[in-house]
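Shown next, in C-alpha cells, is the structure this report addresses.
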Amino acid sequence: MRISVFRRAHFNAAHRIYNPKWSDEENRRVFGPCAHTNFHGHNYELVVKITGEVNPDTGYVMDINKLKQIIKTEIEDRFDHKNLNLDVPEMQGLIPTAEHICFTIWKILRAHIDEKLDLSVRLYETPRNFVEYPA
Amino acid sequence: MRISVFRRAHFNAAHRIYNPKWSDEENRRVFGPCAHTNFHGHNYELVVKITGEVNPDTGYVMDINKLKQIIKTEIEDRFDHKNLNLDVPEMQGLIPTAEHICFTIWKILRAHIDEKLDLSVRLYETPRNFVEYPA
Amino acid sequence: MRISVFRRAHFNAAHRIYNPKWSDEENRRVFGPCAHTNFHGHNYELVVKITGEVNPDTGYVMDINKLKQIIKTEIEDRFDHKNLNLDVPEMQGLIPTAEHICFTIWKILRAHIDEKLDLSVRLYETPRNFVEYPA
Amino acid sequence: MRISVFRRAHFNAAHRIYNPKWSDEENRRVFGPCAHTNFHGHNYELVVKITGEVNPDTGYVMDINKLKQIIKTEIEDRFDHKNLNLDVPEMQGLIPTAEHICFTIWKILRAHIDEKLDLSVRLYETPRNFVEYPA
Amino acid sequence: MRISVFRRAHFNAAHRIYNPKWSDEENRRVFGPCAHTNFHGHNYELVVKITGEVNPDTGYVMDINKLKQIIKTEIEDRFDHKNLNLDVPEMQGLIPTAEHICFTIWKILRAHIDEKLDLSVRLYETPRNFVEYPA
Amino acid sequence: MRISVFRRAHFNAAHRIYNPKWSDEENRRVFGPCAHTNFHGHNYELVVKITGEVNPDTGYVMDINKLKQIIKTEIEDRFDHKNLNLDVPEMQGLIPTAEHICFTIWKILRAHIDEKLDLSVRLYETPRNFVEYPA
C-alpha cells in the first residue's frame, strides 16, 4: 500500500530578486519592485510530501513527528527570520526566487529522508504564488 | 531543473446549468436547483499551473507577472462580472458546468503560453466543489 | 456567564447592482461592472452571532443545531441558487448590495430567535469584501 | 476530454494510535501523546477526486450531488461523531492512523463509484498533516 | 494608544456532550450524536485577544512570544491530545461544550495575564461553529 | 441603518524589530530573532472596517471600489515591496511592530475617509499574529 503523507510548515524571510551580473536598471526592468534594494519579505508556507509503503506495525509511511523535527532543524532554523540573499549559505550564487528556494529546500531535505521514500516540496511565497519541485 | 509554478486568480459570474435540447422538466430533474431560470452565481477561484525548465538568468520558469497579466486580459476580462450562459462567446454551445468552464479557460490560455511549457488549470466553483484539466 | 456563539453557513446567488430610478448610463457610472444587465454572482458566506446566558443544564447559549436548522429554512432555502433581484420577496424594492442583503437576513432571523438573545450577522460577498449588521 | 472533479467533505471523530501487540510503554515511546488512553480527536477534512470523460449531455464527469450523497451515506454516516478505534467495523484490526483511515475510505468508496472512473482520496487530519491514496 | 493583539493556537481533543443528571435517552434526545458514548473529537482553534496600551520602548502591547509561551504551558499542555470529559481537572463538573471550554480557558489565562490588560477568548470547535467570551 | 463594511488587502514587506536606543545585545535579549540585522519579512494582510449609515440611493455605506483605490494609493503603494525600517517616512522613529504599523495605517487612512464614517484597521503579520486599532 503506497501512500503519500504531507507536512505543512512555515518561515518568515526577507529577500530581493536581483541578478548581480546585470545593471540595477536591467534588474528593475526585469524584476520590477521585487528588485527593490532594501529588500521586502514573505511568510513562506512549505508543504513537504513523502511517498512510500505503509509500515504495518505503525500504520505510518514515516513518523510525521520525525519529519516535523527534520523540517525544524534543517529548514526553519536555516531560513526563518533570515535574509535569503545574505544569510543562507546553501542559497549563495542563486537568485532567491521561489523556484530556487524550493529546489534548495528539496536538496537539503533529500539528504535527510530515507532513500526508499520519494520527496517533493511545494512552497507558497504568497497565497496566490507558489511552486513545486519536482514538477 | 523542471519545476511547476502556480498563480491563483478569481472572477465572479452568474450561470445556470441547462441543456437546451431537453424540456424544462428534464433539466430540473437532472440538474435540480442548478437549472433555476433566473440564474445563480459563484466566486470562481482559478489556479493556473505552468511547468518547465528554470531560466538560470532569472530564476523563473516564467515571469509570474506576465502570467498574471495574461490571466487578467484573457480570463478575468472575459469572465468577471459576466453571465456564463449569455456573455462569453467561447462558452457558446457548452453547458457552463465547472468542467466546461475549466476546459475553455485552458484552451484560451494554451494559445498564450509558450508551447515549451506545460499548462494545467484548476477551477473552484465553491470551496467544496472543484475540477482540474488535464486530469 | 454571557457568551457569544457563531454559526457559519453559505449560499450561491446571482445579482446585479442597479437603481431602477436611474438611467442605465447613470447605473454604469456609479456601479461599474456590478450593474451588468445579465447579472453576475457570488458564493455568499454568512456568519450568524447569537449572544446570551449559558444554560447550565445544557452548557449551550442556544442549541447550534436549532440555529443551523433556522438558517437552513429561513435563509438558505430563500437565497440559495436564486437571483437576488428577481426571486426573493423580502429583497423587493432594495438594491441587493451586501449591506441590504445582510440587513434583510438579520430582519428575517430576528423573528425566529428568542428575544432574550442578541443577534448580529456578518455577510461575505467575496473573501475580500464583507459587511456586518448591526455595526 | 478527461477531467478530474473534486468534492470536499468532513467528519469529527476520536481516536488513539495504539498497537495492541505492544506494551503501553512501547506505544508511548513510539506514538507519544497520540497513544493517550482516553483518546483525542480531530476535524477530519476529506477531498474525493474522480477522474473520467465528460458526458456531453450533462457537462459532468459525474453528478457531484450523487457523489456528495455517496460520501454522506458511506463515509460521514460511518465515521462522523464516532470513535475510530471502537465504532467502525471496517477499521477493525487497523491502527487508525491517517494512512489507514484514508485507505479504508478509498476502499469503501471504490465499491460505489463507476469502475470507468478513477478514484483518489486525500484526508486532512489537521491543516498541517494530511495523506493521499493512491500516492 | 490602546490596541488589541491576537494570538492563534490549537489543540486536538476528544469529548462527548453529556449531562450526568439525565438518562442516556434524555442525553441522546437533547444532544444527538454529540452524546455518543465512545467520544468524538475536534481540532480546536483558539484566538486569544489582549487589549492595552502600547509600550513605547518595545512597540508591544505584550510580548507575543510570552503570550505564546503562556498559551503553550497553561492551555496546550492541559488540553492537547486529551479527553475533555476525563482528563482536565478544571473542566470537572462542566459539560464540555464549546461555551464551557472557552470560559475555562479564559479563567485559566486570566490568572497569568497582567491585570491592566483586557482578555477575551474565541474558540473554534469546527470552522463553522465557534464561541467567544466575554460576549 | 448603521452597518460596517470591510475590505481586505495585502502587502509584502521586510522589517526588523530594533530599538536604536538600546545595544545590539539588549535588542537580541528583548526581541530575539525579530531583531536580526539583515531583516526578515511578511505577507501582511490588512482588513479595513468602515462604519456608517447606508445611503438609500446606492445601498452602500461607502463605495468599496473607492475604498479599494484609497488603500491602493495610500497604503499598498507606500508599504508593498518596501523595507518598513528604511523606506516609509510615516514609520520613521517608530519601531515597526505590528502595533505601530497598524496605527500608522489607521492614521494615514483616517485623513482620506469621510469624517462621518468610523474607521478601524486589523493587520495580520502572520495568520497566527495580528493586531487591531482602535481596540
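For clarity, chains are labelled A, B, C, D, E and F in written order, and residue numbers in each chain start from 1.
As a convention for this text, contacts are C-beta pairs under 8 Å (C-beta built on N, C-alpha and C of every residue); 3 or more make two chains touch, one makes a residue touch a chain.
Since this is a predicted model, take the numbers as computed values, not measurements.
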{"item": "Chains in simultaneous contact with subunit A and subunit C", "value": "B, F"}
{"item": "Shortest path length from subunit B to subunit E (each step joins two touching chains)", "value": "2"}
{"item": "Same or different contact residues where subunit E meets its copy subunit D, judged by the half mark", "value": "same"}
{"item": "Most remote chain, CA-based centroid, reference being subunit D", "value": "F"}
{"item": "Selected pair, out of C-E, C-F or D-E, that shares over half of its residue contact pairs with A-F", "value": "D-E"}
{"item": "Distance from subunit F to subunit B - Cα centre to Cα centre, in angstrom", "value": "33"}
{"item": "Centroid distance [mean C-alpha coordinates] between subunit D and subunit B, Å", "value": "29"}
{"item": "Of all residues in subunit E, the ones touching two or more other chains", "value": "127"}
{"item": "Those chain pairs that satisfy the touch definition", "value": "A-B, A-D, A-F, B-C, B-D, C-E, C-F, D-E, E-F"}
{"item": "Subunit C residues touching subunit F - in the complex, by the definition given at the top", "value": "17, 19, 21, 30-32, 94-100, 102-103, 127-135"}
{"item": "Touching residues (chain side subunit C, partner subunit E) in the complex", "value": "1-9, 51-52, 54, 57-61, 63-65, 118"}
{"item": "Residue ranges of subunit D touching subunit E (in the complex, touch as defined)", "value": "10, 12-15, 33-34, 36, 38-43, 80-83, 86-87, 126-127"}
